[in-house]
Amino acid sequence: MRIGVLTGGGDCPGLNAVIRAAVRKGTKEYGHEFVGFRYGWRGPIEGITQPLDWDVVEGILDQGGTILHSSRTNPYKIEGGVEAIKKNMAALGVDALIAIGGEDTLGVATKLTADGVNCVGVPKTIDNDLSGTDYTFGFDTAVNIATEAIDRLWTTADSHDRCIVVEIMGRHAGWMTLHAGIAGGANVVLIPEVAFDIEKVANFVKERKEAGKATIVAVSEGAHAETGMVLKDGEVDAFGHVKLGGVGDWVAAEIKERAEIETRAIILGHLQRGGTPTAFDRVLATRLGLEAADAVNEGDFGKMMALQGTNVVRIPIHEGTDVLKTVPVERYADAEVFFGV
Amino acid sequence: MRIGVLTGGGDCPGLNAVIRAAVRKGTKEYGHEFVGFRYGWRGPIEGITQPLDWDVVEGILDQGGTILHSSRTNPYKIEGGVEAIKKNMAALGVDALIAIGGEDTLGVATKLTADGVNCVGVPKTIDNDLSGTDYTFGFDTAVNIATEAIDRLWTTADSHDRCIVVEIMGRHAGWMTLHAGIAGGANVVLIPEVAFDIEKVANFVKERKEAGKATIVAVSEGAHAETGMVLKDGEVDAFGHVKLGGVGDWVAAEIKERAEIETRAIILGHLQRGGTPTAFDRVLATRLGLEAADAVNEGDFGKMMALQGTNVVRIPIHEGTDVLKTVPVERYADAEVFFGV
Amino acid sequence: MRIGVLTGGGDCPGLNAVIRAAVRKGTKEYGHEFVGFRYGWRGPIEGITQPLDWDVVEGILDQGGTILHSSRTNPYKIEGGVEAIKKNMAALGVDALIAIGGEDTLGVATKLTADGVNCVGVPKTIDNDLSGTDYTFGFDTAVNIATEAIDRLWTTADSHDRCIVVEIMGRHAGWMTLHAGIAGGANVVLIPEVAFDIEKVANFVKERKEAGKATIVAVSEGAHAETGMVLKDGEVDAFGHVKLGGVGDWVAAEIKERAEIETRAIILGHLQRGGTPTAFDRVLATRLGLEAADAVNEGDFGKMMALQGTNVVRIPIHEGTDVLKTVPVERYADAEVFFGV
Amino acid sequence: MRIGVLTGGGDCPGLNAVIRAAVRKGTKEYGHEFVGFRYGWRGPIEGITQPLDWDVVEGILDQGGTILHSSRTNPYKIEGGVEAIKKNMAALGVDALIAIGGEDTLGVATKLTADGVNCVGVPKTIDNDLSGTDYTFGFDTAVNIATEAIDRLWTTADSHDRCIVVEIMGRHAGWMTLHAGIAGGANVVLIPEVAFDIEKVANFVKERKEAGKATIVAVSEGAHAETGMVLKDGEVDAFGHVKLGGVGDWVAAEIKERAEIETRAIILGHLQRGGTPTAFDRVLATRLGLEAADAVNEGDFGKMMALQGTNVVRIPIHEGTDVLKTVPVERYADAEVFFGV
């Protein structure tokens, strides 16, 4: 059996660990061969490959990113894309694909399976917003980076009696902000799932200032105020939502004015997705890669590998992507306990 | 309501996060008061206390260890220990105890509850070997430290074409070694749950040497060879088990002789339990602390806070301590895939 | 003898280590007493103090920031500021001041010494741009943080075949960008001391793209293009210099257009100045603090502690602040060797 | 011109950065070619080479260890070793060698230069005990690792009111222990240069215990007591010196008995030499590599690259190796200020 592997969407710590584990198990236990497709779905569409055996992957466990490179190419948005994949797979003797990616990449895998291409999926997103799996690899690394950033920002906030607003990735789901906010001891945590009242936020900061305490506000890039939020370059929609970007700057500016305290915004951005994966992410990614090799060997296509409790299981891919997994109210309440003085 | 908090057994990253969260929720949401008992169960036995309010705990989230200090004192092994606890609690007006600790500390909490003392338990062990909870805080931090150590040892092993044996904590359960071994890319992982054949281990190393590859062996301090293992200062029991300590040295010496390769043993020891907790452990510890405050408020005594999937739940304390949670065969198989060349 | 200590200007990893060392040596070896002045020069002007003895400072070695808090208050810009300092020192029985700070704080210390106030200075700036000392503490920590950031950004740049522009602190001196750029393997390094040609920069990126290589550009916030640089919210002055801020964004936008490659800008900002100091900074800060205690004891006022080679020496404070220490051409040449493919 | 590069002795973070910089400058600016000799001096003796150009070295800046591998082979201890080197260099068309290593490797380079082989040397030792250079790369990384270890051990020491003895590398020079001891806030620092009085050490610990404080003792593996030190497997020589190894264990055992406090010894060992280099070491190593390429180009053989103040200079190799650079009394005094309560 000959198996193609590809990685799609944004890079994520742990991608290489998945590739390495799948190649190891497939070659050693099942005698499979592997071929790497470069640049996500662009690889099988255009037939761009790279060798993929144990010698290539043995040393990549601790490397962030993906040795297969990535892209956001979607074969269903390209004329003849699906046919090209089938043709290239046939030409290369590739029987099945392991697609590692997020909502978009896995969505394609679901459709391709229906269209007769043997696919299994491995979920990947630092946002942790795929369903059916307790966590996705990359999330733990990203949360640790953001937490370490908050730890550092505390020393500046304290030394200068300031408020610092730290903007954390997460356009639609606040998982990263929630976890890093709790872990970093943020005094306010703002996420896309719950519209915030900027007056209330500023009051928390003011009360802390009056108590002689600095403040850290953790805010998702996709958080929005109940009313009044107008971003520098953005527009407010009918629901008070604004175009993404600049939330941290807006919140900082409002706090500065309302609470009369020196306030700075820090945007973590891409710093959160790079670097070596944490042990948690390496173990999770390795387990998913091993399971993917098993699934392919068993011909159990159309499935996504998932972590449920301490077990790695297989679920239909669409169950992972049908519904965005957002932060439930009771989890947000954990952070709210720490709001204010 | 007035609540006492104590930490027992070995120190563990995340203890302070539990204390902080319980104090925050109890004071802010329920109007409870808190008092810290120092030195584990010695505190309530001897009436040694320290103030415990938000001002004391606000800044301790990122600190390893425990501000309450710890001990291995057991009131059931001290004449009049239990009576002393009751008397001191009454004198101090303490209605209930939050006991944060491992098997021993929680075992006492179970008995005390039966003896009429209001206790809730929060599980703590870097070994991850308590039942009823998917993970215990401290484990993730310890695994990350051990993984980082293995990452570093690889550069020395590679540069000198050596074998390095790294001995990792875990007398009865191999969780830390399994996770750090997988995360660090160890070529052999040896745990207490599965007796190993030193000849087979040495052969893996030999094959790798012949392929021009260095080797890392991760071994739990409680791992044992099927036969032949005699530690410097130890004895072999009827089952081939030996007195603990020195396993890494023995494995290194055997590999050196059998595979004819320069081999060094590194003992991580206490380096694994100190330092600031990872984000995972800070979040987990915080959630357990919040839940403990809720349990006390509801009078739900005799319960241990536990992580199951993504939920924090309460189970009878004894369910956490009755059976040691060891590594199942199928999880060990994940590591075995990577054994050898 | 009774000695006041204050910290002025931006916070910097190592400030607490200086305070701790000075207090230790002064109290233990010379029998001096210490008092902390809070908020930089505002402390002695307004008489705002905090206790400062060994019990207070023993545990602060690894803490970033300053337990004395800081400000940018300048007694020479406040009516009666200098007199207030003299009056408060007399009232508190304070004989001398240890002023820890950068250009502004030390400039005040020079003037105060001339005006009859006993001062010694300890140089502090993460920018490393004070003269007479090989390095200032905080610089090494900041460079490590920026280097680690570049390490992480490489994985994203590589995975997506992108160019990433990382903007590093340094308005007038490029030390941080030079060191982090070299240490992080940046392919172009742009500093305030050398005006750059954006066309040349874009060509480097283009050549690398054509060779299948991603690119990292490290740019100081104070770097400027020879011509053509117009910042979003800025103006170009007669020399082609622009108002500070936004350099990274401009460089990224130009590269994107000229080299036709996806390019992102990351602003490190305050992330560079917080957190625990590196060992280098802890040792340097400790040595400077010890020397400051000696200088005060000997009545050697008007001096700044400085690192020259491996020795800590004392120089007139103004020698540290008279001339900004910028990156010499031959040091920049070290970075240029690595420019391009 | 064709240049051979080799790395000898123990691995050290920064070796790859030297290789990378020398190759870059030599190929790009002087049109030189490079060849890697594997396994230290064994490489040129046995003619074991590997390709060495920019494509090979571009990505190795952040990797610890050495891609050229290392050994302790000495051509002057091998029959015909020197002749073999000459013969192999001639056969491969290699005009000059860049030898990166410590005392032994550089000692050979000095002799070979006298014997007509064109050599330049780059000093390497995590021990920092070579003369003529302020620092050697690898030292800063090792000190940071040891400091981080001490930071972690503090939390365990504090939580359990214990004494922890941490044994740090350094058989003949105490630089690493001095710097990590100061940076980690150790309460006693013991180095090979100054014989210690174990009674006095134990008294420091006792006083701290009575003051309710835990203690960290940092001890070099080569430190020795004035009298009475007998290691488990060692012997005391006429000067009270003992065979190396086990010093930490002995000190811990003595403290435990004399100060009546639970005391543990932790041996850092090889953990100190692996992993990615710090920014300081990457910059230093890069500068030394650039200078070595210049020296070879100029035919300035027999020279060692050295850091003096902020400058990289060239000195005769033997000046680096003639005298071991040990810790002077006045630097040790910096640590002594912090001894005791």
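Read from first to last, the chains carry the letters A, B, C and D; within each, the first residue is number 1.
Simple rule for what comes next: a contact is a pair of C-beta atoms (placed from the backbone, for glycine too) under 8 Å apart; a residue touches a chain by one contact, two chains touch by 3 or more.
These numbers come from a predicted model, not from an experiment.
Contact with both subunit A and subunit D is made by B, C.
On a Cα centroid basis, the chain most remote from subunit B in this structure is C. With each centre defined as the average position of its C-alpha atoms, the distance from subunit B to subunit D rounds to 34 Å. Centre-to-centre, using mean CA coordinates, subunit C is 29 Å away from subunit D. Between the CA-based centres of subunit B and subunit C the separation comes to 41 Å, rounded to the whole angstrom. Residues of subunit C in contact with at least two other chains: 151. Taken chain by chain, the contacts form a single closed ring in which each chain touches exactly two others. Interchain contacts (touch definition given at top) occur between A-B, A-C, B-D, C-D. Listed in rising order, the residues of subunit C touching subunit A in the complex are 7, 10-11, 13, 15, 63-66, 69-71, 145, 148-149, 151-156, 158-161, 164, 264, 266-267, 269-271, 273-275.
Considering their complex, residues 21, 24-25, 28-29, 58-59, 61-62, 134-135, 140, 143-144, 146-147, 151, 179-180, 182-185, 276, 278-280, 282-283, 286-287, 290, 308-310, 334, 337-338 of subunit A touch subunit B.
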